[in-house]
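Data first, discussion second: the structure below is written as structure tokens.
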Amino acid sequence: MLIKLINPNTTTSMTELMGETARKVAAPSSEIVLATSRSGAASIEGHYDEALSVIDEITNGKPADAYVIGCFGDPGLLAAREITASPVLGIAEAAMHAATFVATSFSIVTTLERTRIISEHLVRNYGMQHHCRRVRATDVPVLELEELGSKADATILAECEKALIEDRAEAIVLGCAGMSNLVERLQQRLGVPVIDGVAAAVKVAEAIVGMGLRTSKVGDLAYPLPEAYAGKLAEYAPAHLKLRETSFPALATAVRG
Amino acid sequence: MLIKLINPNTTTSMTELMGETARKVAAPSSEIVLATSRSGAASIEGHYDEALSVIDEITNGKPADAYVIGCFGDPGLLAAREITASPVLGIAEAAMHAATFVATSFSIVTTLERTRIISEHLVRNYGMQHHCRRVRATDVPVLELEELGSKADATILAECEKALIEDRAEAIVLGCAGMSNLVERLQQRLGVPVIDGVAAAVKVAEAIVGMGLRTSKVGDLAYPLPEAYAGKLAEYAPAHLKLRETSFPALATAVRG
Amino acid sequence: MLIKLINPNTTTSMTELMGETARKVAAPSSEIVLATSRSGAASIEGHYDEALSVIDEITNGKPADAYVIGCFGDPGLLAAREITASPVLGIAEAAMHAATFVATSFSIVTTLERTRIISEHLVRNYGMQHHCRRVRATDVPVLELEELGSKADATILAECEKALIEDRAEAIVLGCAGMSNLVERLQQRLGVPVIDGVAAAVKVAEAIVGMGLRTSKVGDLAYPLPEAYAGKLAEYAPAHLKLRETSFPALATAVRG
Amino acid sequence: MLIKLINPNTTTSMTELMGETARKVAAPSSEIVLATSRSGAASIEGHYDEALSVIDEITNGKPADAYVIGCFGDPGLLAAREITASPVLGIAEAAMHAATFVATSFSIVTTLERTRIISEHLVRNYGMQHHCRRVRATDVPVLELEELGSKADATILAECEKALIEDRAEAIVLGCAGMSNLVERLQQRLGVPVIDGVAAAVKVAEAIVGMGLRTSKVGDLAYPLPEAYAGKLAEYAPAHLKLRETSFPALATAVRG
Amino acid sequence: MLIKLINPNTTTSMTELMGETARKVAAPSSEIVLATSRSGAASIEGHYDEALSVIDEITNGKPADAYVIGCFGDPGLLAAREITASPVLGIAEAAMHAATFVATSFSIVTTLERTRIISEHLVRNYGMQHHCRRVRATDVPVLELEELGSKADATILAECEKALIEDRAEAIVLGCAGMSNLVERLQQRLGVPVIDGVAAAVKVAEAIVGMGLRTSKVGDLAYPLPEAYAGKLAEYAPAHLKLRETSFPALATAVRG
Amino acid sequence: MLIKLINPNTTTSMTELMGETARKVAAPSSEIVLATSRSGAASIEGHYDEALSVIDEITNGKPADAYVIGCFGDPGLLAAREITASPVLGIAEAAMHAATFVATSFSIVTTLERTRIISEHLVRNYGMQHHCRRVRATDVPVLELEELGSKADATILAECEKALIEDRAEAIVLGCAGMSNLVERLQQRLGVPVIDGVAAAVKVAEAIVGMGLRTSKVGDLAYPLPEAYAGKLAEYAPAHLKLRETSFPALATAVRG
């Protein structure tokens, strides 16, 4: 199966890192295709960036069996689910759900203070209030994370340890795609499950495709109506999108008239 | 004070209707400026449309004292609050809050079935679960609403009456900007408060500005970071935005460093 | 429009302070009438005081277009809404709702420890759990607040700063009508929106009246039934109240039979 | 032990009916004293009535070991708990809690449509949302209930049966003190637990007193401060109340000190 | 009335302690029968232990009018309610409900850190989130509690005092049946209500039986179906249980067909 | 990887049906081992059955990489997670989580009315309240489901169609392991995703194992303490369990000390 891993910001080194993680966990039969957003912000750090990161990666190129949005804020997740029937997974969503299968509580450890509140909103929208003990930010620059044994490394570890002691968390969810190379070291040191969203999203995507499921086209996530788009955004009009047909057409058609 | 009423879709007749309502309720000292989105969908009817409707109206033209987003889904509300310190109001948000001041419960009556689920999400995000009894859709075409005494008119009225009887609603929130000309007739017939979001947002915007309040620039709604934007969206980079200075600079600077 | 600002306790200096704030923010067309409760406690500091503070100010004197209850516990708010169709606003309610329009989170800073729990109840009843980070008490005597540059002043400021750091609040709601003269100084120092309930309630009252809305008389807030009252409270019988007619009579009558 | 059963309205026939129920379930060692409110409304049917029904019965007469407020809206419950350390029970509160011990879900069946919303608020405040399936009103006049085999009787029974079928309720809570004589007949006919608040409150009061518990005087329910009361309500000033000493004085004093 | 107090673990000294407490608060007409689980763990300290602690005490021996499960995790509570129509009370459940009648907030103070999370789950399932401020563990060995003036004693007291100061709790719920002999001393020292689950469950059981209530046999708690059981658990088959008839047979039969 | 699919009841035909489904969706590298409970009830239909269904299948036989509990009530899920570090999945849990990845809302369609309330509890415990529209029961005998084109078939289909129309569900979760052979037919007819728990649990188990995650042994799900067990259940003592070592030992040991 073909899984397209989309980095909604324009930093390709980040995409490479995610790709590495994805390929490490993917099933032999899964092919991972990487995509870096060609337009938009260098990183997603707020509502404004998020609003602009609607990914034309989904509607262009070779259609994939599943898509993964590689940013912990899950930007554009519902919009993406609307324009394709292939399953779309957010990495925050996948990581939190995975955590509930191996622990009754978790804390999220992330980098920028600023992104913490976005995670807090996701926690609520995903019904994770009972599971997520706390969202913690370290203000470590993402790029420092790549150097093994760096100070950033120690800072993250210390924050995770605080999560275990102060929050009584039983698992750690890493709140940034750029942390995926820390999983093993952290897990060794902490002695609890450490969950990376990229790996989680790839494996959940495989699971959903493996069950033969596709996104529902009845109701909230039905294809956008073929209305006209004006101005600079005209090329984004749904009429121009190469929408892939859903595999459950009968009732969908009936209900949608 | 200058209030800019932004129609996030590209249908100007809709903008005119909203403008009429806004001017009817505005204080003598309030000037209402109308803006129709130059890019994007003819109407906002799903997550995809919403993701594309980030309004450059806020960052272009004469700066306003407050902005009103004239679409019941409140598209781009948090993104808009991020790029300006002037208060930004969504019409769904304003209507629901206003309803809680004159009734302990309300139902939302809207047009398209498809938009109902968006309203249901807003109800939850705005903490209105205790107040909102139900979201009801009529599937009446918006344009028919403009003809006095039309069948659409009767359909809406009938749905409102069902809301009073079946939901035991004590007030009606109209779930579409295009219904604002129905308020008086409905209120006369129903005998309960009927709330239009455009009027509500204009009056709440006046109230917030009148209190001397501006959007907080500490935390979730801080200005976007001045990072680079690539590709087609380069002109949307925050560096290019004419961001207006906040009036509360001291601590904001300290905290943001 | 005529807005009656009612101080439910019997301390007139408090009423004056609130009146000053109210007039500062009121629209030119709004007339603020002040009323100090003639019966009851010198200040509202618990459920017992609250139960006794039902205000005959609403049913006596010149009818107002809107009423504001000037105590942060919003005592008697639903009872007041029941005996008049003119909008009634509580200052806690108005302040919290206003805060959500300019920030995604706030903390309440109040004076007496004892009143903190009342605020916590209001937070829950108004659906503000997602927005209100914490209620903080300083145990500063209200009267000291009036002296500029006093120690009380510094205590309040310090508590607000703790709210920004420890709670990561993005706005401050002042939890006492007696703090309304601190708004500007605090806002200058803190760099975030600081919201006073008196100002908020006056402006929201103007907004609601400006929208032509009146309290729903169907359901929870319908006029009290004209039953007999015995004993010392006989003069409070609804039959003796000068109830103002609602402007939405049709269905209300039908439903109430 | 002495349990004072207070009818907060002025209708003595209602008090007699409640007394009968209370005595039927009371332990041999419990003495039930009946009290009818001397001031106030003939029945409690809204927020206005409720605000006026603060009961001087608690502070006058022979002190009781526990008090029961005999109105399903639990009017003045927290105020009453503030002015005495003896346990005070509301009949709605006691009935709902009792229901959770013998069923995982219940519906409330009450008389007046108007009081339904008060029950809905109590359900939420008591944390009963998961247990209470629905609040149902019959609009049967309370007085008709006293005639055995009357039409009112059949109406109530029919509504209860609907609760079992439509709501899948597993128990019935009777939402009016005047229904307490129906318990046995309904229970026979319905085959599920039927719970009357008066009986529940008397038995729970006995249980609480039997455990040696008294109302906490630290925090929310501490005695009202001895401040001055002005005007017509002067005689209600806490200074004039015959407050009974709490049996847990140590820390209470220290904290309140 | 006959109340069977069941210790779901196999430690008889614990049963004796609970029995002492139960008899101290029981009404003269209540007979307390003690039962120590003959099979299973020495103490209940996790989900695994809990799953095994289904008590045959309920279905063997002289039928009781009510059953009390003497372990703060309320193990097997719903299963027990399913196999008998006599009321079954858990001590955690009874203690928390009792606390809400004498305080608006409480904290739970327990022994083992490990059991804390079980209490947190109960808090949520019983709708106590608004009331329970925090669950606190001391890691004091239960057996040390029996020595008057021991260090364990001081540790518990200190934790309770922290609950009053840090959590602003207004009452203490003791989270372990083995603490029931500490109630009086703690209450004297703390000056707030201290609630022991054993006493609470016995008194609530008396109250429920005194109201003539039995567990609903419609829906969730209906008797188990008389199906076959295989293997080692064959003797636990419902067909072999001596199920006592419910007193509300009519509709139950009709609905269950 | 080895996945053990455990049927907690003793009906082997049910186990075969589940096995068929599991093998259809399993990855080529996954080996599915089937296990039918040797002790206990023929089917799990209530709390009593559930309490007895703690499965020695987990602690006996060849250790598996993951376990699936094949009953929609997820009986013993937390207990099972406590006694092994290998991931354990419940089929209700897996199905509901999977549904949220392809739809914003779903309804559960199950067989016995009696099991409906168990599903409702799971919905709440898994944080699925926002997603699950309704739990629907058909009272179709499970065995009839196996006959293609039977009346049972039509009944289930009709109930699913009602879920789409009345609940506006966007996906269907099948609430019984015995329905897994209906998935394809229903999906064809309904045009929306239809989710079977057995398939979902197998695929999610593969995903979790594929991510290298194991159940957290810190906190709630730590191994049971090696205490003594008495009586008939002695052989279930944790000391006798063949507990597999966790792969994250460091901190776990430190914290558990």
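Which chain is which? They are A, B, C, D, E and F, in the order written, and residues in each are numbered from 1.
The working rule: contacts are C-beta pairs under 8 Å (C-beta built on N, C-alpha and C of every residue); 3 or more make two chains touch, one makes a residue touch a chain.
All of these numbers come straight from a predicted model, not from anything done at the bench.
In summary, the interface at A-F recurs among the listed pairs E-F, C-D or D-E; the equivalent pair, sharing over half of its contacts by residue number, is D-E.
Taking the mean of C-alpha positions as each chain's centre, the chain lying farthest from the centre of chain D is A. Chain D has its Cα centroid 52 Å from the Cα centroid of chain A.
Centre-to-centre separation between chain A and chain B, using Cα means, comes to 29 Å. Chain centres here are Cα means. That of chain A falls 44 Å from that of chain C.
Across the assembly, chain A contributes 78, 81, 104-105, 117, 125, 130, 168, 219-221 as residues in contact with two or more other chains.
Contacts from chain C toward chain D in the complex involve residues 10, 37-43, 45-52, 54, 76, 78-79, 81-83, 114, 117-118, 125, 219-222, 224-225, 227-234, 236-238.
On chain A, the positions that touch chain F within their shared complex are 25, 27-29, 78, 81, 87, 89, 93, 97-98, 100-105, 125-131, 161, 164, 168, 170-171, 187-193, 195-196, 199-200, 203-204, 206-208, 210-221, 246, 248-255.
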